[in-house]
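In the two complexes that follow, chain A is the common piece, with chain B as its partner first and chain C second.
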Partner chain A sequence: MDALVPLFDALLGALLLWLAWQSIFAADLFRAVVSFMIFGLLMALAWVRLEAPDIALAEAAIGAGVTGALLLSALGRLPRERYAEAAQHILSHSYWLLFWAPVVLLAWFLWSLEAAPPSPPGLGEMVAIHQPAAGVDNPVTAVLLAFRALDTLLEIGVLLLGSLAIWSLGPSPWSTGPAMPSPALPAMARALFPAFVLVSVYLLWRGSHAPGGAFPAGAVMGAGGVLMLLAGARPWLTGGEQGPWRWLLTLGLGTMLVVASVTQFAGYVFFQYPSDWSGRLITLLELAAGLSIALLLFALYLGGQPPVRWRDRGWQ
Partner chain B sequence: MSLVEWLGLLMVLFGLPFFFLGTVGLLRFPDVYTRLHALAKGDNVGLGLVCLGLGLQSGSLAMTLKLLLIWILMLIASATGVGLIARTALSRGVRPWGL
Partner chain C sequence: MIPDLFQIGPSLLFVAPLFAAIAAFVRPRAGAGIYLVSAGLITVASLALVLMVGTLGAWRMDLGGWVPPLGIGWQVDGLSVAMLLLTALVMGGAGVYRVAEGDAGHSPLFWPLWLFLWGGLNALFLSADLFNLYVTLELVSLAAVALIAMGGRTALVPAWRYFIATLLGSTVFLMGVALLYGQHGSLDMRLLQGALGPAAIELLASLLITLGLLLKGAVFPLHFWLPAAHGRAPSAVSAALSGVVVTAAFYLMVRLWFGPFSPMLTPALALALGAMGAMGILWGGVMALLQRRLKMLIAYSTVSQLGYVLLVFPLVASGILAAQAWHGAVVLILTHGFAKAALFLSAGVLIRSLGHDRIDRLKGPGQGPALAWLAFALGAVSLVGLPPSGGFMAKWWLLQSALAAGAWHWALVILAGSLLTAVYLFRVLGGPTAGAMTPSSDHSTRAMGFTALILALAAWIPGFVPIPLTGALADTWGMP
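Showing the complex of A and B:
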């Protein structure tokens, strides 16, 4: 049985390379997008094989799910003649360089590897030593929200900046109401949305002691919102200036900044938590960040500023 | 291996041909409706058998129920997805094969 494991890994690696090739060079954009989504799923499997379930969760939820939905909806709005033009553009020479430069680098890296690789020069031991001070049992959460909280702050900032840019592009092209004659999708979305909420809350709660946390939880919740939107539901998120939505979108970034500044005024370093409060502060940050990430991903999918009041599209 | 584990292995092996035949149907059938028919039915039965087999091999009731839950979610999702694809194709004027 053990002989099959390297075979599986080799197959997985070869499939990933082939799918990456397809998603860059496929002449048909639809094929490229589907290849990219399958690439995300298999990449999640590769992270599982590398024993990094946290990244696998994030990759499956964000890389395959949310990004795939974004790309597909962008593809659906692209005019037909742009298809062929884009396909020709894709095969220009500069893209070949983009593809081959990393491949050559990787080959050189593999070639220069020693037969017996030395112990990884990472910071794993440092994290293991200092983890009790962080107040959480999951080393990944400790790194994300305590040791390297600045990185997470910047990541959420990038998400917020992205959705700000999209809001400034113009009004959202979505209107609500049933677009398709099939009753199956609304029925399924209604039946499954509670499961999305449940899984999201579970992932958030799990983050303190096992793989999970704000990013996968937010991505699952955002995907649930996208499913409801596709099924014709009226989104809660509106573009009104008086509503709570702008506050909720900035809640993650805002809470992190407030926590970091307040602890600094209390005599600690930027993003150093008082040791008694560390676990509770991290839970608070995860909750705020998860809520914001879910709303931000949903706002990205809307593709523009949502209206103050959603109009019903009605039956087509 | 115990009898339950052998039964699990048998279930997994029994599920594999359904995936294979579903894929053959996807590649060889003449139009989108027959392909969807082959793919959804074959994969759903195959996944059910594989999940049940893996659950039996795991020897844990909680794990078996989790795997069966995955199967039920897949059943709902694939039935809805296949219906959507078929209805969209029909409304865009893709005629079923032989009509």
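Showing the complex of A and C:
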């Protein structure tokens, strides 16, 4: 049995390389996108093999799920005759040069490298020592929301900024969306949606002591919303100025900014949590961030600024 | 308990623009007002930080009380506060220009994007952590792409090209960061300083990081995306991009190669970086000379002028008057930022009042609003490097260092670049000045002209006020 493990790893590595090649060079864009989604799933498997279940979860939910859905919806809006053209136009020769320069550099260095000394350990031990002080049981959550909370704040900022950037490019094309893909989809989506909500709440709760947390939870919830959209539901996220949506989209970033800055007025340093409150504050941040992430991923999928009022497309 | 100013000051610079971005998104109609209030606050805080570092010296912050390598550190030293002040004045000035321009036809999402850009830049200049720097670079790039795209239909393709280029730059940068973390288990620049040696894998990591930054800084021959992106963007955005955003990549190169990467800065590598800078100076200058549109000319001028910053590597490596070369490069970054922002803003005023920016039809300062021409001329003089402007100080220091080291080839490049700059800028200014200079027709054009003028004057400050830069910069690393 143990002899099979290296074989499995080798196979996984080879498949990953082949799928990466396919998703870059496949002449048919649909094939490329599907290869990319499978790549994400196998990559998640690779993370499991590397004993990084948190990254595996995120990779599966975001790398394969959300990104795949985004790519497929972009593909659906591309004029069919431009498929082949697009494959050639998107990347000109200079980009390929830039792409290969680091690869060649890397290969050359790896070639010229002598037998490298075993690399020193990362920060795992240090995180384990300080984790109790952060007030959570999951080391990944401790890193994301305590030790390196600034990175997480900025990442949520990037997500919000991404949505704003897409809104700034024009109105959402969903109001003139494609026709219903399958008559069975609406009923199925309605049946599945509670499951999505349940799973994301579970992941959020789990984040305090085991792999899970705001990003996977938000991604699952967002994916549920995307499924409803695909099934023809009327999106409830509007671009109106007065609606609650703008508050909810910014809730994650706003809460983190407030928590980071107010404790300074009680004598703490920037981004320091009072030690008695640490666990509760982190749970609050997870909740706010998870909600915003779900909505933001959904907003990304709308592909533009939603109208003030959606026209009812119904469930027909 | 009294809040600690050493904590509040930097954190305000980080928090204020992001809060303002949220507010401007939730209340789009109040966008300009929210922007003005936050811009005032940030500018005051930046000035306060400059004074604090100038009088009390540099300090570091451990965010959340978690000491690196576990947590993320910020550094508040001479180099970062200089960049923060540049950002405050350029982003502040260009934003006021945008307010004066009026709202007609503008997307209400401009202000949230603009404030996100500002927040990302402030976070970048404060950060002392390589991964955190990557995230701030992402924030800055994404905001910049969206802002370029606001230039209308013709700006979409340049914005897209910039997006691809900058994303590639980020990815390569991140690869280098991951390699360093794998080797040393730390991302903090202070901790990495002294820990890095001239081993192959560390050289690879630093080269990857530098490659990413060269791409983001549009260094010759990777400058292909810059002219169209900066030329097609709305004028206020062009000013911010050329004045600060591109410059951030140069800031990081200087900080890294004279900081943690310094053991790897071999003469050959310094020569290679300097040669890229020299090629950029000449190529950008010649291309600027060939342009037909004013904004494209100014954009190519950015490729040319920022090439000077890379000359600092061979000049410092030669070891003679190294500190002077280094200060010259920093002052060049600052004065170029101010002067270039002034040039883009005055070009914007000219386009607004004349309806075009074709150089052959501009006919010199005889036509159009006098204020804009004045700002253009003052900015141009500093860019060329004529005394007593700030640009003169910068180029003079670089030149002195080159001459003292006997590096005639660098001295020649510095002089040739200045000559090229003079030719392409005075080609614009060379029309009949005796014509009827029209005073600005309306309030908003006048206000726009004033912001350009103030930025142009800021580029002259280092020539008159002996800024305590030498002292402030000296404690950045204690060397060179």
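Note that in this section the second predicted complex is superposed on the first by the 275 of 316 C-alpha atoms of A that agree within 3 Å, B and C clash if a C-alpha of one lies under 4 Å from a C-alpha of the other, contacts with A are read in each partner's own complex, and residues count from 1 in each chain.
Convention: a contact is a pair of C-beta atoms (placed from the backbone, for glycine too) under 8 Å apart; a residue touches a chain by one contact, two chains touch by 3 or more.
This structure is a prediction, so every number in the text was calculated from the model and none was measured.
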Touching A:76, do we find chain B (first), chain C (second), both, or neither?
neither
Once chain A of both complexes is superposed, is A:191 in touch with chain B (first), chain C (second), both, or neither?
first
By the touch definition at the top of the document, which applies to A:165: first (chain B), second (chain C), both, or neither?
second
Report for A:154: first if it touches chain B alone, second if chain C alone, otherwise both or neither.
second
Comparing chain B against chain C, which has contacts with more of the residues in chain A?
C
Can you list the chain A residues touching chain B in their complex?
180-182, 184-185, 188, 191-192, 195
Please give the residue numbers of chain C that touch chain A in the complex, ascending.
1, 3-4, 7-8, 10-11, 15, 18-19, 22, 25-29, 61-66, 69-72, 107, 109-110, 112-113, 116, 119-120, 123, 131-132, 135-136, 138-139, 142-143, 145-146, 149-150, 164-165, 168, 172, 175, 181-186, 200-201, 203-204, 207-208, 211, 215, 222, 224
Residue ranges of chain A touching chain C (in the complex, touch as defined):
91, 94-95, 98-99, 101-102, 105-106, 109, 112-114, 116, 119-123, 126-127, 130, 146-151, 154-155, 157-158, 161-162, 164-165, 167-169, 241, 246-247, 249-250, 253-254, 257, 260-261, 264-273, 305
Contacts from chain B onto chain A in the complex sit at residues 73, 76-77, 79-80, 83-84, 87-88, 91
